[in-house]
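In the two complexes that follow, subunit A is the common piece, with subunit B as its partner first and subunit C second.
Then we have the complex of A and B:
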């Protein structure tokens, strides 16, 4: 931990070369000695040098827990907890979370550079989960407004799209000024399916392979259930049914019993 | 036992005890061989060890012990693990049904859900002889795991004998664990609630960056005929009368 702490504190005390400076006294005196009329470039340089927002920069670092190996933190925000908060509260909370995430990512990068273990890395996940939940709640509210006022969800529509190979995929629609039939560049990028002999050959073989994979997977599950039943004939049938929904557990058990294996 | 030995011993971390988000646990255990860089020009692809390849032992997935147990390139056969209802908790009194400690009762101190394993404190132990840094022989007593329902059973609190248990619902729609022999409830021990952050939920000490319980419950939402953006713009006095151009979704 010590190396990491040293590096982080060094970042605060002695920033590198010409990037950012907390005090610009020496530089100011240099400018005065030249005595000439201030040029534009000098003026801009001095503005850069006058950076004194040390407190703002410090917010990128976890000052309170500099020497801690373990940092305790609460859980992330639930959807239900966010739903009872007003819009302005959510707006403020978003920036609180964003600042915390920035701080944690700075710490993670510093730890990586110093080849040290970051204390409690799961804090990043907790903040990210909260931010995702907050975004969901905001979308929910906007969707309710658009459904009521406009009769649409107000979100990017998603539809089933048949691509040039004849395969069906989900595509998220994007807004365009031109209708699709006049948009030449878009239609060139998204050609229609061929619908010819080669394509039907390809699709037949593709579907055959896909169904074989599916069948193999279900057979594997059935064999697994049989293995479980042979090991323990009194296994919990309800739990098996719930865990392997594709397998007819009762039929398999009856079959094994008829064969005399259980 | 010496105090230093106790301090050097690594604590066992049941998954629920750690209080980690599921996403973090998954991220920390995955073994990525290659991942495409972030960018539009790359087709998103990840080459990694499949989840079914990992075998769970007594070490938890985010620890080094787990990584050692699942070394890269090690071939693991899929385990036959029976799906069972979640009936055992940390701190439960259980009776051992097999082995040299058959018939003895003890307290559960560790659970591995992925293998249906339970460790009972001070029972079903293996004695391992090893040498310490001075070259002296030392004996380590290691609790061995027992399979739920097959090798251990819950104890009925009324007659203190092994029993079968089940989840049932009370008249107040509360899910309780009952003994099938006497029909009495087997209460869930307080130690099951314990995590890395607190002993019990009520005794959790607020950290400086936590929201207080009173603020969390406060209802500040007022229904309003406006989107989120419209509400925020109104609050900050931002006016935007521009009419967006017509466009088509496709």
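Then we have the complex of A and C:
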């Protein structure tokens, strides 16, 4: 049974008339004729549906590829291709991509509802990648424009924030109506870090743990380098130095030589 | 990102404009019967009725008579063999009414009996293969009457 199922799944993936490809005896003309006949009969069987009289709603569906098992498509737009386009071209392309994405999402939802496999689901990813790239190009241009006109990038500034545990994190600054020093309720809720006993205890232990981890890692690297040198005394020293920057390779080699291990 | 940010205040307090909208809208099949001039869309949670109307009228050029949106609670169900609940994401459904005279019916996009068709196809192909085998089978003249099990 499982063999049959596997065979069936292979059939579903392959185009029609593909089984004949494996028969060495069949002539090429036979294959072509049979495939054409099948396709024609399929197309005549499925007539175009008149599902709406609103032109806009038809754009949510890919009428030409209804009942298809697989739909061939190209790749997504590259950054370099988008960079040479004008602003108005990019604006038009965005809406083309948006409509394509909506169409594909509609198809995906319909497939899920009908418990079917959506034909070539990777098309959604391709459209999304194109949209991301397009937005990146627009961002680049925006940055350049702001730099030229205002002297700033126009991006959100990032600053270092010390939280209540004493740990430092990066935060993105957002615009506010009121400066923070005038915002009484916010300052009450978020007091400045002070010399807290618990905080200092936590920070001491945290740093100890972090340094121990670091030390262990460097020791491990040193041991590894020693092992390599013992196994291969003529190892490339420069390569080792480059690979393990924390280890003093020359000193380790001298030590091993003094001990008589190499 | 500066292109997606909108400043809190801009001189003159102009109307907000979106140049690269990233909202999606997908048509979904209604589980109950609805009038012919009604379409159901699944939209992002942040989208409002005005957004839906503008989106359809400006991008798709669809004349819209009325829009109603509602937030649907994601399904909550127990995780199998585990002692906790899982919840699907919430989503917003926009029910759009078109003008009089226009109609929409969710089209058929998939084969009725895909498995059956594939099976029929498989049977046809195997029959063809068998025929071809019968047609082009080469017989060794030296072992014509020797049974199959004899020799390798």
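To be clear about the criterion, the second predicted complex is superposed on the first by the 144 of 262 C-alpha atoms of A that agree within 3 Å, B and C clash if a C-alpha of one lies under 4 Å from a C-alpha of the other, contacts with A are read in each partner's own complex, and residues count from 1 in each chain.
The working rule: a residue touches a chain if its C-beta (ideal position, glycine included) is under 8 Å from a C-beta of that chain, and two chains touch if they have at least 3 such contacts.
The shown structure was predicted, so the numbers you read here are calculated from the model rather than taken from an experiment.
Engineer: Which of the two partners, first being subunit B and second being subunit C, lies in contact with A:177: first, second, both, or neither?
Structural biologist: Once the two structures are laid over each other on A, A:177 reaches both partners.
Engineer: Between subunit B (first) and subunit C (second), which does A:91 come into contact with in this model arrangement: first, second, both, or neither?
Structural biologist: In the superposed model, A:91 contacts both subunit B and subunit C.
Engineer: Where does A:208 make contact in the superposed view: on subunit B (first), on subunit C (second), on both, or on neither?
Structural biologist: After superposition on chain A, A:208 lies in contact with neither partner.
Engineer: For A:57, decide between first (touching subunit B), second (touching subunit C), both and neither.
Structural biologist: second
Engineer: Examine A:250 and indicate which partner it touches, taking first as subunit B and second as subunit C; both and neither are also allowed.
Structural biologist: A:250: touches no partner chain.
Engineer: Pick one for A:196: touches subunit B only (first), subunit C only (second), both, or neither.
Structural biologist: Neither partner.
Engineer: Could you tell me if A:102 is touching subunit B, subunit C, both of them or neither one (first, second, both, neither)?
Structural biologist: So A:102 only meets subunit C here.
Engineer: A:153 contacts which: subunit B (first), subunit C (second), both, neither?
Structural biologist: It touches subunit C, and subunit B stays clear.
Engineer: Could you tell me if A:232 is touching subunit B, subunit C, both of them or neither one (first, second, both, neither)?
Structural biologist: It touches subunit B, and subunit C stays clear.
Engineer: Once the two structures are superposed, pull the subunit A residues common to the subunit B and subunit C interfaces.
Structural biologist: Dual-contact residues (subunit A): 91, 138, 142, 146, 154, 156, 175-177.
Engineer: Taking the touch rule as given, give the residues of subunit C at its contact with subunit A in the complex, in rising order.
Structural biologist: Subunit C residues touching subunit A: 1-3, 5, 7-8, 19-22, 24-29, 39, 42, 56, 59-63, 98, 101-111, 114-115, 118-119, 121-122, 125-126, 128-129, 132-133, 135-136.
Engineer: So in the complex, the part of subunit A that touches subunit B is made up of which residues?
Structural biologist: Listed in rising order, the residues are 64, 72-76, 81, 83-91, 100, 121-122, 125-126, 128-129, 138, 141-142, 145-146, 148-149, 154, 156-157, 173-180, 186, 224, 227-228, 231-232, 235-236, 239-240, 242-243.
Engineer: Which of the residues in subunit B end up touching subunit A in this complex?
Structural biologist: Going by the criterion above, the answer is residues 19-21, 23-24, 27-28, 80, 82-85, 150, 197, 206-211, 216, 218-222, 224-229, 231-232, 235, 245-250.
Engineer: Under the touch definition given earlier, write down the residues of subunit A that touch subunit C in their complex.
Structural biologist: Touch residues, subunit A against subunit C: 7-8, 11-12, 16, 19-20, 23, 25-26, 34, 49, 51-57, 59-61, 63, 66-67, 91, 94-95, 98-99, 101-102, 105-111, 113-114, 116, 131, 134-135, 138-139, 142-143, 146, 153-156, 175-177.
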